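Going by the order they are written in, the chains are A, B, C and D; count residues from 1 in each one.
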């Protein structure tokens, strides 16, 4: 922690700050410059973080030096983590895994049909929403537990792992019974009650980045899960909100590299939400692979005209299949495989 | 709903779209221009909203005409709503109400002492957090139910109404028992499970705008609460996230006017979060009053150096008192009162 | 300047950095923590700013301590500056000055007619664009020098000061001959050639904040003008670009207070661009006065339906007149006058 | 152009709007819905664009249907354009071209040395700044014409094409004499005087996207150049400003696909500015190639510690060389070549 003092800070004010810090077990190093004096505090920054040094008289600026996350950081664990879903599906190594399926689960037959298509094309994990976070209270809200049953049935039938979103602390246990991976959606990235509840389970979880969350805040949300005991966290970049309206979201391609430099967790990319339009999904997916992601989540629907949600950004199965062929080549070019 | 067709759209494609819409009970008006053909659909737009016209062949762009919210809109109810908290506190009329108190409830004595100060200065509603949404799992998370008890006790003792945040669907009933107004925080603005749960209660609720929520999305979240039966909604502008880092958030002063033009609900402003620094709170509060808000929520602490949260943006009681005197004059200047 | 080292930085790397800094005349203070070592450099930060310490081996982060602007800062000059336009118009004191007029100068008669109206309502400075920065090459680009002649003629006839935008280094001298205040538009805030050219004149200049400029960058652009010898700079907040699309721009009301804390220059606010819609201008203007601005620039047109630019955000003269009456009351409430 | 009327619009108001449009030579189609009436206008939208229909009584919203750019659009020219720099360098086809070199030209020897390295690695175009847009007036502003001479000399000596930024209308002719491609920087993207001046020359120009420019605005700036007669325009995505501070800019990877769908111009990507840190440049460059760009501009310096600008984001020549090898493989994977 570094404290920059105002030009007019008095000696009494400086002593007051130093005493406070020393009481908390920190050592202070004072550097007096011509224009500014700065104090560096050595020791566990956490104890200072809860002390609002900004309000101490004479303080101009407080600059944290240590990252606020610990357990997810590369400093805590140098090697990249492998998150094991099943024996065959271990995410974070050389192989890039594909999650695909419809936005919402609409019927057992519909789900099965799409699942077969995406599996044939190479997807190992089936996605499908049972609880849908919809902006409008009047839109389709998902089939709930009925949908979870379909997802589990199709997953078992085809031998695919499954992922679905959980939105309510009261549903965590229920959803855990049906699927292999929990999805924590962008809108709930800072729903701390839900993060804690998921942290108490041991179920792998894919944590989507909030629409306006910094990478640091995203990692802090991961830290919530890990600090509660669940280390099986996949990060998922799905586009951020910017001033640009030509796309639904702005896919932050840099976030893949930055998150992997700062944290040891695998990074998945969702080019469907990251673009919002099927015609843009392919290029974004290829870019994500080239940039080093560990998996992709792509929305696929065999009749987007009738999809109950996210039709505009869903790929047709045939399009998904040809994209998979392209993605394999891009993965090879960077010494990965799909 | 207006559909703009691609320049190369065929007659078959146009018929396909028109038929689809007519099946849903809408009438289509086709306007053929030199460069583009557009189709206007007359009828309830809701049925079309769930049909992803964007994916129909030949479609370039789909433009909704009607606002997606209904019950909160000025078209549904022309007159501004008054939200009644108690007989004396009816928000949305000529009088502007002040909510003030500490960010977190830290102790009974501490809360009582601050409450007396803010009441003396003119605040009618006491704020204080018992469940705290903290970015870090290692920071103080609030006193929980113990805090709620203190809040209720002090409120009753001094005759102040009370407001506190609820973060978990499982806590709604509990919190309702202790306070007069629920606060739904910015991070949970699109926690749809929580919105629904709060909608089922009849407790007045202050809905904070999400850090990157458009005004339209904010109103859609209010619609969730109202559509579930609870019309006692206060909107709260508390600053949005932008590229500017000199302030914690960018207070969107225009949002007051826009929200009041589009919806009939009262608008509260939180200049503490809207600035992030006590030295900026006063000017932002005066601006909010001048711009037409119906209430202000301000963090006050008698020892910000020891505050367990949000110390940097908390006012000292004396500063709050002098600000109140200034705010009264600004309110008078625009024919309101505090 | 503070340099935070990587956890694995070696002694050789540390020495390399310290030597480099000492060669530049700075003194290094090293603080070795358990997790991180930091180095504080004492001395003129400018010499280090051009040295990219970020690329030195072992460096994790470089944190500047001193503001990069000097001459515009409160540290350079504690008292707020008064920019003198004429004997009667001295901006930055108790009186708040109004600049009003049409977006574009369209004809001599039109300009005169609007000028009389805004002067009657209390505006001392007449605005009008002769060179218009238009997004489209096909839109009206302004009357050029002919427009400047009209502006000067009307200003002299009515005894009003005048302001107009200059967009091209080659036009600075020309524009200086016709008006009292140069306007440097938001799109040119970092047109450094133009900043330098204006800096060489002694003409008062109003520097609009760029649509996505931080307050720090805005002050750096002011520094360009001042460093070239022209201290007669007015800052102008006119709204920034954010994700919100309900308004043309998001008026950053906090920027008034922040700019006045950091710099000694007067701050003008443009609620016309800051909202983009005439129905929102009034509340934004009142908010700006309450927040402490030193002047307002408002677009007024007597026939917005026929305005060649910015019709939607222009006030009718009658509306401007009634707004002025309200603004006077708000100004009084905070001990200022209009 | 579509006009959405307010629910309370009167017949007189509707007639007033229709008459206005018909006077301008447009035909109006009125669709009366239960809640809203909309009017579609058929004909050249340009004449309406300058008429502020928003201010007509009864109007709620005006929605343009046609893109405001024409000459750069895919509708004007279906085939992608090839911009010819020299016989060997024709940008926009199967081959992806590399522009590389130092941020600033610092000396003849320095430039020559870096140029040889990047040429050996496969770059055909040498970049180097002679006029530098620096945020601070106290930073190195470039060598000016002296730098241009070095650039031309080294380009001729090695048989490389050259590119450099022009910042001032007065310098366009000068810069045209020395280099093969003009660069118009992000900060000047809406410097309309400069766009016009460059449009009058026939020199190929690379137009960088402004830091907060929408794709539509970027294309409008290209339209300025083309409308003035110069069709040799390369677009350059270089990252946009968002709330994320972990990277200098957020590289908008989607912008490549969107720009190429809307316009026929080649798209270059600048991963150096798009990330701001050399450790992130490689992944961003690979992503850009995978996403379909037609060229890359990368900053390379053989001694970043001493670079006078942009050291932190410059690659060492050896790193650039190994990146080139990787980029070639990614290009092959998507049927392009480098």
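By definition in this document, a residue touches a chain if its C-beta (ideal position, glycine included) is under 8 Å from a C-beta of that chain, and two chains touch if they have at least 3 such contacts.
Note that this is a predicted model, so its numbers are computed, not measured.
Visitor: If you apply the touch rule, which chains end up adjacent to both subunit B and subunit C?
Guide: Shared contacts of subunit B and subunit C: A, D.
Visitor: Can you tell me which chain lies farthest from subunit D, using the average of the Cα atoms as each chain's centre?
Guide: In terms of C-alpha centroids, the chain at the greatest distance from subunit D is B.
Visitor: Cα centroid separation between subunit A and subunit C, in whole Å?
Guide: One centre to the other, that is 39 Å.
Visitor: Using mean C-alpha positions as chain centres, tell me how far subunit A is from subunit B in Å, no decimals.
Guide: 26
Visitor: What whole-Å value do you get for the distance between subunit A and subunit D if each is reduced to the mean of its CA atoms?
Guide: 31
Visitor: Which positions in subunit C are in touch with at least two other chains?
Guide: Residues 212, 241-243, 245 of subunit C each touch two or more of the other chains.
Visitor: Which stretch or stretches of subunit A touch subunit B in the complex?
Guide: Interface residues on the subunit A side: 20, 46, 49-52, 54-56, 68, 133-140, 167-170, 187-188, 190-193, 196, 211-212, 217, 220, 223-224, 227-228, 241, 277-278, 304-308, 310-312, 314.
Visitor: Using the touch definition up top, name the residues of subunit A that touch subunit D in the complex.
Guide: 212, 214-216, 240, 242-247, 250-258, 261, 274-275, 279-280, 283-284, 286-292, 326, 329-330, 332-334
Visitor: Quick one: in the complex, what on subunit A touches subunit C?
Guide: 2, 4, 7, 29, 31-36, 38, 40, 42-44, 61, 63, 65-66, 75, 212, 241-243, 245
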